[in-house]
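After the structure tokens below, expect a handful of questions from me.
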Amino acid sequence: GQVLADTHRMIRQGFPEAVYAEGKTLEQTSDALAALVAAHGCALATRVNAEAGEMLMQRFPTGSYDGVSRLYRIGRMSGDFKALTVAVVCAGTSDVPVAEEAAQTLEFAGVSVRRITDVGVAGLHRLLARLDDVRAASLVIAVAGMEGALPSVLGGLVAAPVIAVPTSVGYGANLQGVAALLGMLNSCASGLSVVNIDNGFGAAMAAIRMLNVMVKA
Amino acid sequence: GQVLADTHRMIRQGFPEAVYAEGKTLEQTSDALAALVAAHGCALATRVNAEAGEMLMQRFPTGSYDGVSRLYRIGRMSGDFKALTVAVVCAGTSDVPVAEEAAQTLEFAGVSVRRITDVGVAGLHRLLARLDDVRAASLVIAVAGMEGALPSVLGGLVAAPVIAVPTSVGYGANLQGVAALLGMLNSCASGLSVVNIDNGFGAAMAAIRMLNVMVKA
Amino acid sequence: GQVLADTHRMIRQGFPEAVYAEGKTLEQTSDALAALVAAHGCALATRVNAEAGEMLMQRFPTGSYDGVSRLYRIGRMSGDFKALTVAVVCAGTSDVPVAEEAAQTLEFAGVSVRRITDVGVAGLHRLLARLDDVRAASLVIAVAGMEGALPSVLGGLVAAPVIAVPTSVGYGANLQGVAALLGMLNSCASGLSVVNIDNGFGAAMAAIRMLNVMVKA
Amino acid sequence: GQVLADTHRMIRQGFPEAVYAEGKTLEQTSDALAALVAAHGCALATRVNAEAGEMLMQRFPTGSYDGVSRLYRIGRMSGDFKALTVAVVCAGTSDVPVAEEAAQTLEFAGVSVRRITDVGVAGLHRLLARLDDVRAASLVIAVAGMEGALPSVLGGLVAAPVIAVPTSVGYGANLQGVAALLGMLNSCASGLSVVNIDNGFGAAMAAIRMLNVMVKA
Amino acid sequence: GQVLADTHRMIRQGFPEAVYAEGKTLEQTSDALAALVAAHGCALATRVNAEAGEMLMQRFPTGSYDGVSRLYRIGRMSGDFKALTVAVVCAGTSDVPVAEEAAQTLEFAGVSVRRITDVGVAGLHRLLARLDDVRAASLVIAVAGMEGALPSVLGGLVAAPVIAVPTSVGYGANLQGVAALLGMLNSCASGLSVVNIDNGFGAAMAAIRMLNVMVKA
Amino acid sequence: GQVLADTHRMIRQGFPEAVYAEGKTLEQTSDALAALVAAHGCALATRVNAEAGEMLMQRFPTGSYDGVSRLYRIGRMSGDFKALTVAVVCAGTSDVPVAEEAAQTLEFAGVSVRRITDVGVAGLHRLLARLDDVRAASLVIAVAGMEGALPSVLGGLVAAPVIAVPTSVGYGANLQGVAALLGMLNSCASGLSVVNIDNGFGAAMAAIRMLNVMVKA
Amino acid sequence: GQVLADTHRMIRQGFPEAVYAEGKTLEQTSDALAALVAAHGCALATRVNAEAGEMLMQRFPTGSYDGVSRLYRIGRMSGDFKALTVAVVCAGTSDVPVAEEAAQTLEFAGVSVRRITDVGVAGLHRLLARLDDVRAASLVIAVAGMEGALPSVLGGLVAAPVIAVPTSVGYGANLQGVAALLGMLNSCASGLSVVNIDNGFGAAMAAIRMLNVMVKA
Amino acid sequence: GQVLADTHRMIRQGFPEAVYAEGKTLEQTSDALAALVAAHGCALATRVNAEAGEMLMQRFPTGSYDGVSRLYRIGRMSGDFKALTVAVVCAGTSDVPVAEEAAQTLEFAGVSVRRITDVGVAGLHRLLARLDDVRAASLVIAVAGMEGALPSVLGGLVAAPVIAVPTSVGYGANLQGVAALLGMLNSCASGLSVVNIDNGFGAAMAAIRMLNVMVKA
């Protein structure tokens, strides 16, 4: 077939390969999921549209589809991250789908997530009101579109690692998220690290790499 | 000659033409200044480098050159803006030259300026500590490089007009100020307006247009 | 819920948060509007498509939907801007939707608007014929697509603040409005300030910030 | 040698090859000029810096170097364009070098040039005052930097062909002339045609192609 | 209404305003056409889609719609360009719609057009075989997508003015026609002039400006 | 007609012109195929969508349509490439359509292809496991989206020519394949050569040019 | 003065503010360093050129300047990261300055660094030979220019967090590091996080945020 | 040390690593060359500036430096490519340095080169006059700046592989070679392959990969 699932990835990286469903036929997605479930007992597909989500429910009835995050999940990983939690903070309501891709990928991996939503910098008091919640977390994933200033402000307020996720929310000079991406890469708050536009999954994976070291440390 | 000074501008716009010295020969800059002084009794040149500044001192000994803002000023305008003041807020020390171009252009026009420097969002307490000063002003000019988040945060905190000036301070994905420019154009704090990268002069001119209406209102 | 309306904004900025409906579910838009109406007695949503407009009419029957500006308005603000008016000048008929987003946001805030339409620089006499109307206004919002030269020409003719709004009208090297945006940022008529492409709402908000200071001055 | 002068060009196109001196060694420029003089009795080099200009004076003492246009000219063409003239209109004093590259290339070809300088759209009355001069010409070359609005305004006022030349005068979002270039390509005044940024030579060549047809028509 | 047809344009520029239908409502297009027909006895709309074309046939039954060029024409101009012809040369079959927009705009103005199609530089013999036809024309409009090399090659072979029209034909690094546009602006064959991507109409207008001077010369 | 098939191309380049169906009417595609079949006994069309594929089956029943590669093939060329084979290596399952466009174009020309699929650098062991297969080929076509690192890694491991094909697979900062394109152009593994984004056909053609020389050498 | 050192940063973020010397006068850099030494007993300046380095040696004789990393360090932090080490892996010799900025910033903070240099993917065996060293580290900083493929390959081979640093090493389509940046953002190896081009300092800061959590976990 | 020469590269790829001198200290370049000479008996450095060239002459007196190509060569490879020759064709005199980097790298490898210079498409007869020379070669390297049309025209005329090298020769909308690069990637002449801007070395390496297969075929 045309799919060669990377079933060693679990060993090398502590996380199974996830299936990127965009641009794949349903059959290709399906085959990849089957191979991964066979190897690991669980599997995750990202960027699954509603129609494909329904079809997958028929082939993998124990799975579940979430229309906001567009994730299809079968089972979950057996990891144990103890008391470590991740704060998924998001600037606007329109950024929720990306934040959920991050949050639910983390939950699939067994990580506890605290969601803090609609606390963009235009109304700073909303973020300041939630600062204790953010500070309680071991890691922060900060999701923002438009000018993407939230991670900068957060990065100046907390000591924990901040993974910044630009979203494509906005229009015009936003250039489909490029404005937010550039903003985050140039943050004056040192020590942010950044993932691709709308890449909630990638942010969760970066977090899991860190948490894996933390639980072992 | 090759210079046709727009000496009507004072009447149409309430501010004389300023000479943009970049790319002009010393003679062209000089001729333009002379024509403007003849018409208005005062004149301003921008983007004057140190060497040209010295030469202009010889031709116009009553003028003065400032190496930080790179402005050459002869006399000043006779405007009266009463108690109206402008806060020129800047994010980092490296943004000072642009902030000074704005501040000193305002002072040439007779406007009172309050400078608030090095209050970038990475250390938010510095800005919050100066908030009363900012709120006391009728207008805010917010100057920032890197990701340019300062005007967004300010715009959320004050009701006054905020003129955002991106600077070319930064490197790499900053793209010589384009990152800050895009950030400001996409601000989630509604009602910012933006001028060109490093255009402190333009921000001052936008402020003067507003102040002119305010004093008349 | 996923919406945390910034109901303090009225106090800080003199204008309530507006709901950006693009990328929100109908429920999210609805919830945000409800919270804002509860707090302020009025509310505004932008970028509402026709279908959503109809649905909102059912939930908020006292509201009204305008298909050109794509605004949904419930009530209006109680501000009083006295005799101050804003001229909303637009270059071509295709720019009308953006101009209307600006004009109707201003009207929601209680500002008088004078519309001057289809006066692009290719036929300069049309603009010159309306110059008295433009000069009668305290503020000018200039809306233009293609090369976006209208605000430059206007900026040279009037002393009032000019808020320039580039539109995405055009094709090819227009790059969805980037050409007009760059043109406006680089205007040789000093003192323009610029908002995001197609951001009629933002231009109105910038105007309201200025008018608020003017009425107090 | 490394230079193969295209001496047929005169026959095919009615204008000899010009030597683009940028990136050539003095020897290469020299050899090319020599071959062209041998074939046509005259030759033109563009983008010649001051130092190279001096050296060429030694090798071709009948030639002349102009430091503003950076042209080196030997002799001139024997064309006769009768009463046809070209107006070279330029927006700001800083655009003069590009305008001169155009004007002096035309003069090398035997064309009469009328220079109209420093009539940018920020002070429209300057242009309107010279409109009769512009209208007297068979062709217009319009040179402008910053937002490049001059050709749009001119294109709306005159019936003659308008060749628009963007210059790299400006900074920041000007992107070294790209803003002016995009503006000119998107002009709402139909029927402009555009050449490369700072390409005064190319504009002159486009004009000569047109004049050649006109004198024959 | 929202349409202010520029009916003076005929006098200033020798060509009536054309209606750019993209982004206009059918009513706006219709009103503009009616005003122009009233003033000039003829009118032209560009970028008219098939559906709008049909509707316009009902309101203006003497008009005609062409689905390839997307032009709607009512009557034609009374100009007389004598024996002057324009060669509209196009590189590939996919560029035909843009070439037809140019050709039919010319025909609306009363200009004779010679079409030379599918002679791209990948098969140079096709172009060389048609060279006499090209050389018989007073002006050349060269339309090409992909790398847009056709105008360069043509510009080296003929003495007439060459108006280069980049098209958006291509994919990937073509960037919707930007590759062809940049190629044409940088042509080593001097004296090309360039219009916007897919702007067949603009090329025709540039040609008409030239032809108007030629018939008078 | 509007199609002028380049039937000499076979002689000049050893491969008949292929029909690029995107942006052509069915009739234009059909006419071009008919002319090519008449001249060469075989023909190939690329970028044929499903609907057009079906219609072409009716006009050319001996042809065949493949929905993955979007190729329509009639007959095949009579070339003989002996034992020379091409490895078509692709990074992810989503890149298969582009890889198939390359592979099936090669097969149309009579070349043996070895397909190696889903061996992206995130799981390097998959590629290393197939290295002997890759090394057995005379030429490698390496197809990859996202960051496009596969050709770099391959280029460091094999001595054969590597033709790199970036795909538009990815999102956000991928910029529709520009990220992969730039990556391949900047490869630290010297001697890669690159074709346009998603241009499987062009990669096959580059390979055929090389194979033609190899069989003759 | 113009410098307002953020001396609270140590408390909020566990790392003192560092002085970005680019675009600052020597006096500004000096003042900022003095304030930071006063508050924390140690200080770090980045992007210090050789001349400034020498001058700083006179004012702060206990400090030290390194010409490769361009860091000026005074004292060091008192942190204790126990056995945790960071591998700083770099692709080419030309990337060393950026890698050293990261490595020496880490050492200033008290972190043990393992340097692995010149192991780019063009010669994969060099990296594979050092894999045990890489795997021994708690965190990996991967520095690469040109196409920036090293972090992708590393990300597929190790489970630890990988912080990717693009460098501006390269030319042409490299676009001063943008090619490498885009490559890293689009990596098919999930869970990389990325900092700005040439931002070795930022990568070190991101690592320190993570290590701070690890030592506490 | 900081240099880990990839001395296996000869075995894997049939060509030793070359030293990219840009951004390296003289010592690093020197050390790398020494290691390579020790392993292979010969070595090549690229992008060596004049000053470094002189210094290397002292350390490696048997080597030779060429100021046009900026190559430093020590010895040469022992390869035997029999009668196979490569045509290095270049469009303008200004492109010679890039063409020489390609030609002399080939000669270092033992390949016969035929240079064909200054045959750009603006004067097509120059290229047609040399067509037999081009056709006699097994491979063509086509070097061009500005719009980069030469490889397209060549690709349509010859059957051999054409490796296209864009150069940064040009200005303005040339964007330092990006215009030529995009042109070549979008060529309508199928089967070109492209290397980075100004990458004469890379073109030679791509040619050597092909020649290695040809001599073995």
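As written, the chain order gives the labels A, B, C, D, E, F, G and H, with residue 1 at the start of each chain.
As a convention for this text, contacts are C-beta pairs under 8 Å (C-beta built on N, C-alpha and C of every residue); 3 or more make two chains touch, one makes a residue touch a chain.
Here the structure is a predicted model, which means the values were calculated and not measured.
Which contact partners do subunit E and subunit G have in common?
A chain counts here if it touches both subunit E and subunit G, which gives F, H.
So which chains count as neighbours of both subunit C and subunit G?
A, B
Mind checking subunit C against subunit E and telling me if their interface is mostly the same residue numbers on each side, over half, or mostly different?
Mostly different residues form this interface, as fewer than half of the numbers used are common to both chains.
Can you compute the centre-to-centre distance for subunit A and subunit C, using the mean CA position of each chain? Integer Å is fine.
Using C-alpha averages as centres, the distance is 35 Å.
Taking the mean of the C-alpha atoms as each chain's centre, how many Å separate subunit F from subunit G?
42
Starting from the mean Cα coordinates of subunit B and subunit H, work out the distance between those two points in Å.
Using C-alpha averages as centres, the distance is 50 Å.
Hunt down the residues of subunit B that sit against at least two other chains at once, touch-wise.
Within subunit B, residues 9, 92, 122-123, 155-157, 172-174, 178, 181, 185-186, 190, 196 contact more than one other chain.
What pairs of chains are touching here?
Result of the pairwise touch check is A-B, A-C, A-F, A-G, B-C, B-D, B-G, C-D, C-E, D-E, D-H, E-F, E-H, F-G, F-H, G-H.
Residues of subunit H touching subunit D in their complex?
92-94, 96, 117-119, 122-123, 125-126, 169, 171-174
Which bits of subunit F are touching subunit G when the two form their complex?
Against subunit G, the touching part of subunit F is residues 91-92, 120-124, 146-149, 152-153, 155-157, 170, 172-175, 178-190.
Under the definition above, what is the set of subunit C residues touching subunit A in their complex?
The touching residues are 2-4, 6, 8-9, 17, 20, 22-24, 28, 32, 166, 168, 176-178, 181, 196-199.
In the complex formed with subunit B, which residues of subunit C make contact?
Going through subunit C, the ones touching subunit B are 9, 12-15, 18, 84, 138-139, 155-163, 181, 185-186, 190-196, 201-203, 205-206, 208-210, 212-215, 217.
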